[in-house]
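Structures are listed in the sections that come next.
Heads up, the next two complexes both have chain A, just with different partners, chain B and then chain C.
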Partner chain A sequence: MATEHADTTTAVSRTRGVVFRYVLLVATLSALASLGLLLANVAVDAFDPLSADPSWYLIYLCTLVVPSLLVGWGLRRHELLVGGIEALFVPIGGLFGAGALFLLFEVIPFNVWFAWAVGIAVPAAIWLLTTIAGTSGRVRAGLTLGVGAVALIGLPLPGVSTTGAVGLLTMGVPAYIQRRVYTIPNYYLTYLLTLAVPIALLVGHQLRKRVSFTAGLTGTGLVVIASLAVLFQTVVYTYVALVLVLLVLVPTAWYCYTQWHDHPADRLQFAFPVTVLIGAGLGRIAVWVLSISGPNSWVDLQFLQDAPTRYAESAGLNPALVGSLLLMVVVIATSFPLGVGAAVYLEEYAPDNGFTRLIQLNISNLAGVPSVVYGLLGLGLFINLGGMSGESISLFGQTITLQGMPTGSVLVGGMAISLLILPIVIISSQEAIRSVPESLRQASFGMGATRWQTVKHVVLPRSVPGILTGTILAVGRAVGETAPLIMVLAASYSSSPPAGLLDKATALPLQVYSWAFEPDPAFRHGVLAAGVVVMIVVLLVINSIAIIVRNKYEAKQQ
Partner chain B sequence: MSSITADLTTQTTKSPRERLARWFFFACAAISIVVTIGIVVVLVLGALKFFRSTGVALGMAPGDTVTLSSYLFEGQWTPGSEPQQFGLLAPLSATVMLMLGSAIIALPLGLAAAIYLSEYASDRMRSVLKPALEILAGVPTVVYGFFALVYITPLLDQLVPLGVGTFNMVSACIVVGIMIIPMVTSISEDAMNAVPDSLRQAGYGLGATKFDVSTSIVVPSAISGIASSYILALSRAIGETMAVAIAAGSQSTVMNPLNPVAYFSPNSPITAQMIQLATGDISAQGAAYHAMFALGLTLFVITLAMNIVSELISSRYREVYR
Partner chain C sequence: MTEGHSEPETEPNTTTDTETMTDDADDELKTHTAGFESPPTGETIIEAEDVNVWYDDDRALEDISMAVPEHNVTAIIGPSGCGKSTFLRCINRMNDLIDDARVDGTLRLAGKDVYDADVDPVALRRRVGMVFQKPNPFPKSIYDNVTYGLEMQGIDGDYDAIVEDALREAALWDEVSDQLHESGLELSGGQQQRLCIARAIAPDPEVLLMDEPASALDPVATSQIEDLIADLAEEYTVVIVTHNMQQAARISDKTAVFLTGGKLVEFDDTQKIFENPEHQRVEDYITGKFG
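Entry: the complex of A and B
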C-alpha cells in the first residue's frame, strides 16, 4: 500500500526487491542443489544405470512405472494414495528387519541363540502363569526375577556337581544347554522354535482378542503351516525362507487383514501396492524370459554378503554391516536410559539452583565438543584408564593390576559414541517432557500420587513419542560417526565381522574411510560409491522409523 | 482400586522407592558432569606427559617430549619422520584456513537462507525447505569427505588453470561449508523470528519496501543471534574431522590463510592430524601418542572458547522485546 504510493513519488524501485528475493531463493536452493548433484553422481557410480539394455528400461516402464503412476494418480484423487504407499512400506520394512536379523545371526551362533531363548522362556512362562493366576504385582515380579536369575545365570555353588538336574540349577539353562546337551537342533528348527512359535502365539492371541477363540486358533495354525511350508521349496535355505515368511509375509498379511477389516471405505488403497508388486513381478519375468541384461550395479546381494577384499569385483561390506549393527545395540543400550534419566531429573526433580544450571550449561557445551575429542576420551578413559592401565595398586591389602578394555572393541567404540550423542538425547528428551501439560501433573499430584508415580504413569507415557523420535534420530547420527571409532581403534581394525562385544570393531563409515584411499578407479567410483549408498540407505531407514513412530503416536494421542 | 489406595498410603516422598528413583535420575544427570571432567582430565594428563618440563616430572624420558614453547611457536610438524617435530603452527594454520574457507561458503548462504525462510517464504515453502536444509547436516561427514575427494577435486582440477592436487584445502572447505549451512540458518532464523512484527509494521508504515525492512530492520535487530550462529558454525567447522582427513591430505605446513593460492595445496588441520596420528604406527608410550592429547586439548580449548563467546553474545546482547 505504502509502497505503491512511494513508487509513484520517489525513486524506490521494485526491481531491487525482486532481485533480492530471487537472490535469496537461489542461495537457499544452491546448497540443496549441490548436495542433490553429488548424490546423483553417487547413484550413477553405484548403480551404473547406463550399462543396462534400453529395452530393460522399456519393459519396466511398461509393467511397473506407468501402471503405478496411473493407479497412484487415480487414488490421489480419492486421497487414498498415502494409505497405499504406507501398505507398501510394511513388506519393505519387514525385509530390512529380516536383513538385520540375518546380520545378528552371524554374530550369535544358532546353538547359543537356542540356549538363551530357552533360558529366557523360563521367566517369561512364570510371568505368564502368575498373570493368569492373578497374583499380586509384587509376588509376580519377585517370582519372575528370582526364577529368571536362577534360570539364566544359575546358582554359584562351588564344589557342587555340574551334571544332571543339579547342574541345571548351578549353571543356569543357557550354559547347561551349551555344555551338556549334545543334540541341538539345526538352524531351521532353532529358528522355528524360537521365532515361529512366539510369533504364531502372538498372532493367535491378537486374533482371539479381536474376533474369537476359533479365529485365534486359525491364525496360529496358518502361521505354523506357513513356517512348515518353507521346507518344500528349494530356492533358498530353509531358515532364510522361514525368517522371510515370519518377518515379511506374516506382518504384511496382518496389516492387510486389519486395514481391510477396520477401514472398509479405504479398501481401494490396496490397488496401489498390488499394482506395484504385480508390475515388478511381471517386469522381472519378462526380463528373465527375454534374457535382457539390467544395470551392472555395484550394490547387489554379493556386496552385502562378502567381506572386503583387494579386488573391486569381489569386495563387500558384510563385516561393516554387522559391526554397525552391534555398535547401534551398544549405543542404544547405554545412551537411552542415561539420556532419558538425566532429562527426567532436569525437568521433574531438579531444584532451580546453581548446580542444576551448571548441569544444563554443561550439557549444551558437551553438544559442541568435536567428535574426535570423544574418541580421545574413549581411548584415554576406557582403554588406558587415564594412564593407569597396566599399573598395580594395592587396595585393602590386595594387589590389583589395572586392565583397560581391549583396544578397538565394539564396546569401547559404542560407549565413546554414546557419550557423544548423550547431549542430543538429553536435550530432545527434555523438550518432549517439557511438552507434557502442567495440568496433567497437577491432576496426578492432586489425586495423591507421588513424584515417581507421576513420572511413571503420566509424564513418561505422554512424552514417549518425542523421546523415541529424538533418540532414533541421535542413533542415526551415531551410525555415521567415524572419528571416535578411528581414535579408539588406533590403526587396528579387522576385516572380519566382530564375534562379540569385546571383539575388534568395524563399521560402515570406517569401511568407507579405508576404501577412500584406494587409488584404483574401480574402487573410487564403484565400491566406494556403493558403500556410501548402503550407508545412506541405512540412515534413511533409521530416520523413517523415527518419522513413523512420531506419526503413529501423534495419531493415537489425538 | 484397593491396591491403588494401598499403594498410595504406603508410598510417600520419603519411601525407599521414591528415594531410589530420585537418586537414579540424579545419577544420570550427574554423568554429564563426569563426562566433562573425564574429557578435561584425560586431555590434560595426556598433554602434560607430552611436554618436557612436566613429562620428566611424571617419569617420562626427556628425549620423547617437546617443550611447551616449541609446541606453541614452531612451525614444523613431522611426527612420522626423524627428527620428530611438533610445531602447532602448521596444523593451526590449516585449521584457520578451513575456518575462513568454509566461512566464505556458509556465512552468506546460511544468512540468505535464513532471511528467505523468515521473511519471504510462504508457510508451505518453509515446511519443505527447513527439513530439506537439515538434511545437509544429517549426511555423515565421511560421505562429505568422499564427495570432496572423488567429485569436487576432479571438477576443480578442470576449472582451475594451474590444476589442484589430489588432496587440497579448497574442496575440504567447500564441503565443510555446505555442512555447516543449516547451523547458521536455523539459529539465525530463530533470531529473526523473535523480532516482533510491530517493528516490521512500523517500517512498512514509514513507506519502506520489503527489501528495506529485511535488510535495515530485521537483520540489525537479530544481529546478536546471527553473530552467535556464525561463531557456533565456525566452531563446528574447526571440529570437523572426517571430511578434512579424507580430502585435505596428511601433511601440515605453515601457510598464510589469507593467500588464496595456498588453498589449492594440501594442508592437514588439527583434527585431521589427530586422525593421522591415530592411524599411524604409534606406540601407546611414544611422543606421537601423547601429541594426540595435546592437539585434542588445543582443539577442545578453542571450540569451548568459541561456544562460550557465542553463548555470551546471544545472552548479553539479546534485544529484549516486549
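Entry: the complex of A and C
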C-alpha cells in the first residue's frame, strides 16, 4: 500500500516536472520568436530584400555564403573559427572608427583640429624627449605639464603684443594658429600630420619593442609610404583613402602580423576572413559586370550622409548620427569621471556609517527612476537653473544675471542623459572595485603605500575592465534613451548637424521617433526601419566594444 | 608593566594551586629578564605594554606586555583565534584599517610609541614590513612586485641591483632571474610567498612581521622559507606567527605563547619554552594535549 502510494506520488511529481520543463521551453522559444519576428520585420522594411533580382542572391550565395560556410565549418572542427571571426572584426571595427571620425569632422572645423593637434604635439614631444633622455618621473611630468599648459592655453600676460613669438607665448599654440596662420593645410595634409605621424611612430615603437630598431624604422616607413601612396589613386578623395589606410589597413596588418607570429599554430584561421573578403569582392564584381540590381535598401551611404528631407527617397539621418555621437562624447566626459570618482570614494574612502549607507541606498534607488524624470530634471536644472534663470543676483557688489544653458543643445542633452546613467556607472564601478581582493589592499598598505597610492596602483588597475565594461554598457543604454531627450531637445528640432556643443541638436532615437508620425507610409516603414537598423548597429558596436575590452583584460590578468 | 601582567591570576589552573603561585612570580620575573636584561640577543626594539584590542565589544587581546629583542626571530604561537594576527597588526598599525578595531596601551618601536598622535601609520609601515599568511603578490611583473615598496616610498637607487639583492635574499633569484618581467601570479605558491618576502625586504625595513608565512606551503617550500628566516634575522628583527611547534622551535630565538582569550601566558627563550615551560597549560599546548 505504502509503496504504491509512494510510486504514484513519484509518478505525479515526475509528470509535473516534465510539464514544467516544457512550459519553460515554450516560454523561452516564444520570447525568442517574438524578438526574432520583430527584428525580421524591421530588417525587411529597411532592406527591402524582395526588390533584388533573384540572381543577385544566387551570385552572393555562390561567391560569399557557401564558401564562407564551408571554410567556417572546416575551421570549427579545428576550433579556429572564433579566431577567424575575431580577425574579421578588426577591419570592420576600423571602418566604424573611420566613420565616427568623419562624423566628428562635420562638427570640428579642421583648422581647429589642426591647431589643437599641433598644440598637443608640443607636450607630447617634450614627454618623448625626456623619456628618451631618461629624466626622472617627476621632472618629466613637471616639464610636460608646464610646457603643455603654456603651449595649449598660453601665458596670461595682458597688454603685450599678440604677434610673433610673444603672441605665440601669450596665446598658446592652438589660438595662435587659428588667428594668425592663414594658410591652413588642406584636409589631406591635416590628417597626414595629425593622424599619420603619430600612428607611424606608434607602429615603429611597438615594432622596435617586439623585434629590433631596424624593424621599427621599416614599420614607420611602411606606414608613411602607404599614407603617401593614396595620392596616386582617383577612386575616392585622398583624405578618405588616407583615413581608411590608417584606421583600417594599418590595424588589420598589425593584427595579422602579431597573430601570425605569436600563434603559428592558428595561422589557418585567416582562411575565414580571407574567404569572406574575397567572396564579397568577387560577388560585387560579378554583380557589377552583369549589371544585376541588388535590393533597394533604405540603409545606404546616402542615408548616413544626408539630412532628413520631406521626401522619403532622399531622407537621411546624418544630423542625428552626429548629434548622437556628440551626445555620447558629453555623456562619457561627464558621467565617467563623476561616476568612477563617486564609486572610488564610496568603496575606498567613505567611513562605514549611517550617512554612507543612506547615500548608497539612494544611489540604488536612483538607478530605478523613470528616465522621463531625468529629462525634467535636466530641463529644470540646466536650462531653468531651478527657476533662477533670468533673475539677477548681486554678488560682492556686482550684479550678475543668471543665464541657463540654451535649450536643446548637445551639452544639456548629454548632461541630462549623464544624470540618468550616473547611478548605473557608480554601481557597476563599485562592484568592480569591490571585486578587488582585500588581500591586495592589505599587501599594498603593508608596504607603506598611502591610500591614494593603493587606489592608483592596485585597486584601479584591477578594476578597470569591470569599470569600463559597466560604463560602456551604460553609454549604450544612453544612446538609445529617448525620454530625457524629448524633454530637453525636442523643442528645438534641428535638421542640420550641430556645429558645436552649444548648438541645437537632434539624436538617433528622436529622429526615429519623429519619422514614426510622417503621413507618407514610405517614411513610416522604410525610413523608420532604416533608422532603427542604424541605431541597433550602433548599439551592437558599443556592446561588442564592451565585450572585447573585458575579454582582453581578462586574458591579460590570468 | 609589571602590574599589567595579570593573566596568571585569572588562569583557571585548578590542579596545582601552590605551584601556580610560584609559577606566576617566576613567570613575571622571566619575562622581564628576557625583555630587558638579557644582552646576548640585542637591544629591545618592540616593546608592548598593556596592549588591549577590542573588535566592537569583543576583547581580542588582553593586557599584552612583551619586549622583542633586535636582530632576533621571535615566534608567536597559540591556538586559533587567540589574537596572534591581531597582535602582529598592532605593531604596524594595520588594525587602523579595520573600522571597528580599537587599540589601547603602549606599543613602542625603538622607544617611540607608535600610537602617538604624531606617528604617521604610513611612515611606520615603511619601517615595519609584513608578510601575510596567504601569498598575495600584486598582479604585476615579478620586478614590479619587488620595486613596489621602493616606488611607493619614493626610494631612489639602482632598482635592478635592489631587485636582485632582495630576490637573492629571499632565495628566489635562481628560479626567476630570467623571467623578471613576467607576472608574479604565474609562480607556484611557495615561490609567490618568497616573492612576497622579497617585496617586503626590498625597501629595507627594520622589522619584518610574518603571519604564518608557510602555512599554505609544502614541506620543501616550508623548509626553504625557514632557512630564509634564519638568514634574515642577521639583518632584520623578525616576528613570526606560526601554528607549527617544530617550526617555532627550529627557527626562533624567543617564543611567546598566547592562549585563548587573547592572553600572553609565557614569553621566554625558545629553548626554555619548549624544554621546560613554567606553565602547565603551555606544556599541554606544546605537547598537543589541548589547543
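In this text, the second predicted complex is superposed on the first by the 541 of 558 C-alpha atoms of A that agree within 3 Å, B and C clash if a C-alpha of one lies under 4 Å from a C-alpha of the other, contacts with A are read in each partner's own complex, and residues count from 1 in each chain.
Rule of thumb we're sticking to: a residue touches a chain if its C-beta (ideal position, glycine included) is under 8 Å from a C-beta of that chain, and two chains touch if they have at least 3 such contacts.
What you see is a predicted model; the values in this text were computed from it and never measured.
Enquirer: Applying the touch criterion given at the start, work out whether A:453 contacts chain B, chain C, both or neither, answering first, second, both or neither.
Expert: Both partners, chain B and chain C.
Enquirer: When the two structures are overlaid on chain A, which partner does A:462 contact: first (chain B), second (chain C), both, or neither?
Expert: Second partner only.
Enquirer: Given the touch rule stated above, what does A:524 touch, chain B (first), chain C (second), both, or neither?
Expert: After superposing on A, A:524 lies in contact with chain B but is clear of chain C.
Enquirer: Looking only at contacts as defined up top, I'd like to know whether chain B or chain C touches more of chain A.
Expert: Tallying touched residues of chain A, the top partner is B.
Enquirer: Is A:351 touching the first partner chain B, the second partner chain C, both, or neither of them?
Expert: Touch status of A:351: second partner only.
Enquirer: Classify the contacts of A:445 with the two partner chains as first (chain B alone), second (chain C alone), both, or neither.
Expert: Touch status of A:445: second partner only.
Enquirer: Quick check for you: in the superposed arrangement, does A:90 touch first (chain B), second (chain C), both or neither?
Expert: neither
Enquirer: Output check: A:370 vs chain B and chain C. Expected answer is one of first, second, both, neither. What do you get?
Expert: first
Enquirer: Using the superposition described at the top, list the residues of chain A that contact chain B and also contact chain C.
Expert: Residues 448-450, 453, which sit in both footprints.
Enquirer: Inside the complex, what are the residues of chain A that reach chain C?
Expert: That would be residues 351-352, 437, 439-450, 453, 457-458, 461-462, 557 of chain A.
Enquirer: Show me the residue ranges of chain A that touch chain B in the complex, using the header's touch definition.
Expert: Those in contact with chain B are residues 2-3, 5-6, 12, 14, 16-17, 20-21, 23-25, 27-28, 30-32, 34-35, 38, 41-42, 136-137, 337-342, 344-346, 348-350, 358-359, 362-366, 368-377, 379-381, 384, 386-387, 419, 422-423, 426, 448-453, 455, 476-477, 479-483, 486-487, 489-491, 509, 512-513, 516-517, 524-525, 528-529, 532, 535-536, 539, 543.
Enquirer: For a test of understanding, state which residues of chain B touch chain A in their complex under the given definition.
Expert: 3, 7-8, 11-13, 15, 17-18, 21-22, 24-33, 35-36, 38-39, 41-43, 45-46, 49, 108-109, 112-113, 115-117, 120, 129, 132-133, 135-136, 138-143, 145-147, 149-152, 178, 181, 204-211, 214-215, 232, 235-236, 238-242, 245-246, 271, 274-275, 278-282, 284, 292-293, 296, 299-300, 303-304, 307-308, 311
Enquirer: What does chain C use to touch chain A in their complex?
Expert: Touch list, chain C to chain A: 92, 94, 97, 99, 122-123, 125-126, 129-130, 132, 134, 136-139, 148-149, 152-153, 196, 199-200, 203.
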